[in-house]
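Letters A, B, C, D and E mark the chains in the order given here, with residues in each chain numbered from 1 onward.
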């Protein structure tokens, strides 16, 4: 350790420092995308009301994927919803996080044997936090958000990096089960 | 004009005109007739003239062991509030039934749905073959009895594999002990003991 | 070289031409051209036929006013004759007779003699209009013409037994001397006014105009609308300035008639869809304006106005009648896009129309300015308002006509204008533009005529 | 010149910090009204800096240039704003019309980049923003016309000073216009709510109907810059209102109190209201507010009835 | 020493020469117009500014010019010749699409000659001569565009206007004895003065396209070819402003003075009509689908501003009005040229058919942006200064109703100028235009860039031009506007436009620094937008440009063409009257004539004893 003089920080250190500061802001003002895919979405309004007050944590609903940080996948995901979900996920601005709420996102839940519902969400998009329970209680959902914040703090919530790193794997899975993501229907040919 | 007179009115109206295979009063406001396949059109036109102007639902039931589909038309009358079910049986091999588009234009989407989920053809409705709900479906119509959704799900969607081992928390006493202590404390507090 | 020759030569040529049928058109051309040359050496004097003095003899007056009138009428007549000589050979004699009648109208200083020449030129006009192949219209014109001249005669007779003379100057002197009140004199003057009014196309009396000019051809159109209109307006001017004494009630009636005929003329032109109708109704309105100027006493600019109008009408009617003959109908829709292929004729048509409207760079502008400034200086605000309002309406329908004639994309009317017509039309429109830019000569001519006091011969 | 520009920049920065913290406090108050804790007081700062730290999306050069022009225009307007009687960047040149029209530059910048983003929802949002602007601006300008006519000055600091000290010569001086023109104050308050885009007139950022209107396509730093712009716009409009109706401020503390009271009252009212349909907004402002504004102007200018 | 008469002759001969050359090759003929108008502008501007235009007359017969201390005429002259010069750059590019290209260049230069004559003369008849010359030469430019009926509407209104001007000229001559403008306007008195005032106002309204006589403006400007529209709105409308200045400022105020706002009744009525013009223009502009008609209505409402400002007769208002004339000319010409450039590339100006022009035509976009910023009166550009001056005087006079109209106009102008910006330039790039369109050629961009440069300059440093306007004010006898080199002082506060521009620059720099410091954002295609999860592939679905301000339009949809029906009604009445008379008098039966002769005779006979 040749000199104890204050040494200039290298570029990576500066970026890492900035990233930590950015993480502080990102975890204290998580904006969730108001995209309620399944039945677990009914848990979110109570989270915003005075009993649990999601705003305390700095979380609030935002209308469009561009503005939101957290994508809440609440409940079962049919093929059609999954296609729209993937398109929305790709529209979100980086760094973005996904919270899978409800057992349907974990292992297909009660619809595990249906022809229309997928069984495991993280095959298709990277999921940071799962909240188990067939309709988990609001506390559990809030707990999930707190876990997400802890993950961000410990720099482990890098699902979006995984999506970039092994994109082909995700894409292959998506093509396998969905056929094609961007479909044409009779109204938008 | 209570419902009984309506039911009687309808059954008398239909019975003396058509050979009803089976008649069943489902509930206070609902009656169902099973009729031969080629009389369905005339019956529906008659009912429509009598005031049953709304086609509430059109669906099919798959009797796989009789090797038949059963089509159910439910029509509704606003003045005399009675739902009339018209049921017919059609064969399961290349099932087809003439469309009732001219009588009830509303049937356009029902027929597309029945075709998509059961594979029944409806000549006379130009769009019956178009895709309605399932996007890019490549298997046999899913609601047929001989379709196994579980097999489809296993084939297409990866399942989460759970290892069967039970993990006992190595040095942590199982939670059961903690639960009993908590129960006692609650009883004690209820009796007014110290917290 | 006296003015009588102007009447004598055409009549003599008319008789000769009856005998030598074949040469009558060439004789017509030769005579009319000769007269135009003759006019150059005409002395200014009063010729009393046969030496009888004023109350009895007939006198021909050659002063500035009649000189200009003669000049305009003869030149116009010659131009129209050149264009139409080849295809109206049979009318040689009639045209010569009408030339004589017109010259007589301009020259005569005697009221009864005026009636005689009125009849001569009227009859020859009726025969010319027979070429329109519209017998009922010609008959209507005949009846109206004769009724007009008879009324004129009636007025003349009343005047004669009131004042005993037929000579214009003498009559004016006697009226002034006798101190007759305006009311008494009003009746004969109104009769004479209506008489000449029929020929000068004033509104209530001109129901014949639509029939004649509406179906005119290359000869009758320019002849009636150009030559005869100018001649009758000059006669009207002569009477109004020389003889008439206008009382205020008489003036009221006349101004009502004139105002009505100006505004109604423009409105009718606005509402008609046939090109010839547009032109004839606008010439009715212009006739009304000309008479209005005479009535308010500015002979100078009135003469200018009439001559410009005469030339323009000849040009307009020639072009439109030729196009109608080729195309077959004179509806605006059928003639749409006429000028797309023949731009030169179109340019001269447009130039003439713009000078009629009184727009700058054209002679019509200064004439209109002169008229308006004199009307205003006499403190009258009503008539200029009417003239300006009518010229707004006139502008709108002429612009609508022009845009239709110039702009059309497909199946344009196949019309070919032969050289003499094109040459004549272009020369006249160039004249209008030249006089528009350099207005001095016309201005002096107008000033010379302005101080032409009643009864005094230059 | 340079010092006054630096002074202006600091005024703008002060405005931003002030408004963001007061907005955070207000979110806490609203929370307490709804019997919940509400976010931290500096939550707004966190939101803005979080947005600035994200990597967002751009739809072309006009999309970015519009945001820069919007923020630049609004910062420029804020630099002119007088805080107290003597604390202002450009004494003598803070004319009322500069504020009304420079805000329009900000609005134009945002509108340009929103419709440049190619999203129809953004264009609809812009259209609604302009329509509401047409609605609430007219009554406000009439009331300001009366104020300028009464005081004889159109610069904010003179109007403020006019209301603070009773000068012998001028007969209405000395009383706040809030008291002097009561009806005008009410109308101006309604227009202020329209200007701030608070609940009843929040048609152009209607999250339910057109997914937050013009902000649809904005992500990280663009949205952050637009939030900064929004905060500074609110600072400008509320302090404009304070100077025009509440008699400006002798020192900074009075300014802060007045500012806080105005903003909180607007916020409280807006939180109990639903949202108007876009047609209702235009019709609403052209019915009663315009009528009262004209009546107030007529009475104040021609009949001289000023309390 | 350029003599005015020499310039007029150059313009006329240039026109004829352009016609002849145009016969050989259209483009050369049109570019000749550029040279001639350029030469005229340069000589008028150079000699006019240092006051050395000599007015001697050698060739033109009755014309008499006056250029010494005629600041009003020179300022208008320089402005309009400048507009003609700028627009003439567009001629060579547009001339090949016309039916009569050589005629177009000839009449273009003739109207320039007419315009020159109008501004520099001191004799009414000469003024009227050139006034009429401008009317009929510009008349033939209109049908080259889309509609043929527009020409007759235009001629109807402007003939009505110019003939009432002529009537006023002769009425003034009766009292003043000569056609001289100044003593004609000053000497007329009593009931004649009211008549002259009304007639001059009718002429000004007809030429400016103000409220009662505005029907022709959108029809003509909307349908005529683009260079002609820009010349109309930039140049020829200024004739109306010139006549309005004569009628409102030079002529003494007419009618009893209303003591509440100490203004003459005549002036107040014109102010009310000006206010109505603003409101009506703005309302109609908001709902237009064709960009050219929209800008036409905007120039109508700006004409309303000029009228309102001229009626107030104090220093800020008249200087505001004259400055607004300059600003409006620059801004609306730049806007029309930009739309013309788009029209030439795409062939249509309908907003519902266009979209996303910015990607291929960025320079035209910036020119249009600067033009609309100035038209809407937003600070860094000139429009703000002139509107500020007008607001100062309107508030100072305390006229509430007119203040409402001006505020409504200025806010409304922000609305409707933004509509073409959003619908034409921004939004989705429609596929059929993506491959075909490319930026306008350099010589079309040159005038546009010069105009936007001037728009900025007039906004940042107005006192240069306001200095010149002050001596126009002095000539008109109005108190001068207080200006220092950088600041203007209005009635209740002063303005430092350069400071606003600098501060705006500083603000933008700060924002730019914030933008650059942060992470670079990812470029994404325009179609990749938030569509609530739907997959949309066609651009038309994502481009919002049809009936843009639907909520406002719904409020006044039913009674839009009251005025148009009113004028159509008049035309119908004239037609009915004509056919009535035709039916009544012109029948083929000769006895009708005899009947009428007898009737007239009867009237005279009865006249004697009845009356």
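In the analysis below, a contact is a pair of C-beta atoms (placed from the backbone, for glycine too) under 8 Å apart; a residue touches a chain by one contact, two chains touch by 3 or more.
Bear in mind that the values here come from a model prediction, so they are computed numbers and not experimental data.
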Key: Count of contact steps on the shortest path from chain B to chain D   = 2
Request  = Name the chain with the Cα centroid closest to the overall protein Cα centroid.
outcome  = E
Key: Label of the chain whose CA centroid is most distant from the centroid of chain B   = C
Task = Report the pair of chains linked by the most C-beta pairs in contact.
result = D-E
Task = Round to the nearest whole Å and give the separation of the Cα centres of chain D and chain E.
result = 35
Message = Could you work out how far the Cα centre of chain C sits from that of chain E, in whole Å?
response = 44
Chain B-chain C separation of Cα centroids, rounded to whole Å = 98
Key: Mean-CA-position distance for chain E and chain A (Å)   = 58
Request  = Scan chain D for residues touching two or more other chains and write them down.
outcome  = 53-57, 211, 216-217, 219-220
Note = chain E residues touching 2+ other chains are 530, 541
Key: Listing of all chain pairs that touch each other, if any do   = A-B, A-D, A-E, C-E, D-E
Ask   = Can you list the chain E residues touching chain A in their complex?
value = 528, 530, 533-538, 541
Key: Contact set on chain E toward chain C in their complex   = 61-62, 99-100, 125, 129-130, 132-133, 135-136, 139, 143, 148-149, 151-152, 155-156, 159-160, 163-164, 166-167, 170-171, 173-174, 574-579, 581-582, 585-590, 592-594, 596-597, 599-601, 603-605, 607-608, 611
Ask   = Once bound in the complex, which stretches of chain A touch chain B?
value = 79-80, 83, 106-108, 112-120, 123, 173, 176-180, 183, 185-186
Ask   = Within the complex, which stretch of chain D touches chain A?
value = 27, 31, 34-40, 43, 46-47, 49-50, 53-57, 207, 211-212, 215-220, 223
Message = Quick check: in the complex, which residue numbers of chain D touch chain E?
response = 5, 8-9, 12, 52-60, 62, 64, 67-77, 79-80, 90, 92-93, 95-98, 101-102, 104-105, 107-108, 111-112, 115-121, 123-124, 126-128, 130-131, 133-134, 137-138, 141-142, 145, 148-149, 151-155, 158, 211, 216-217, 219-222, 224-225, 228, 278-279, 282-283, 294, 297-298, 301-302
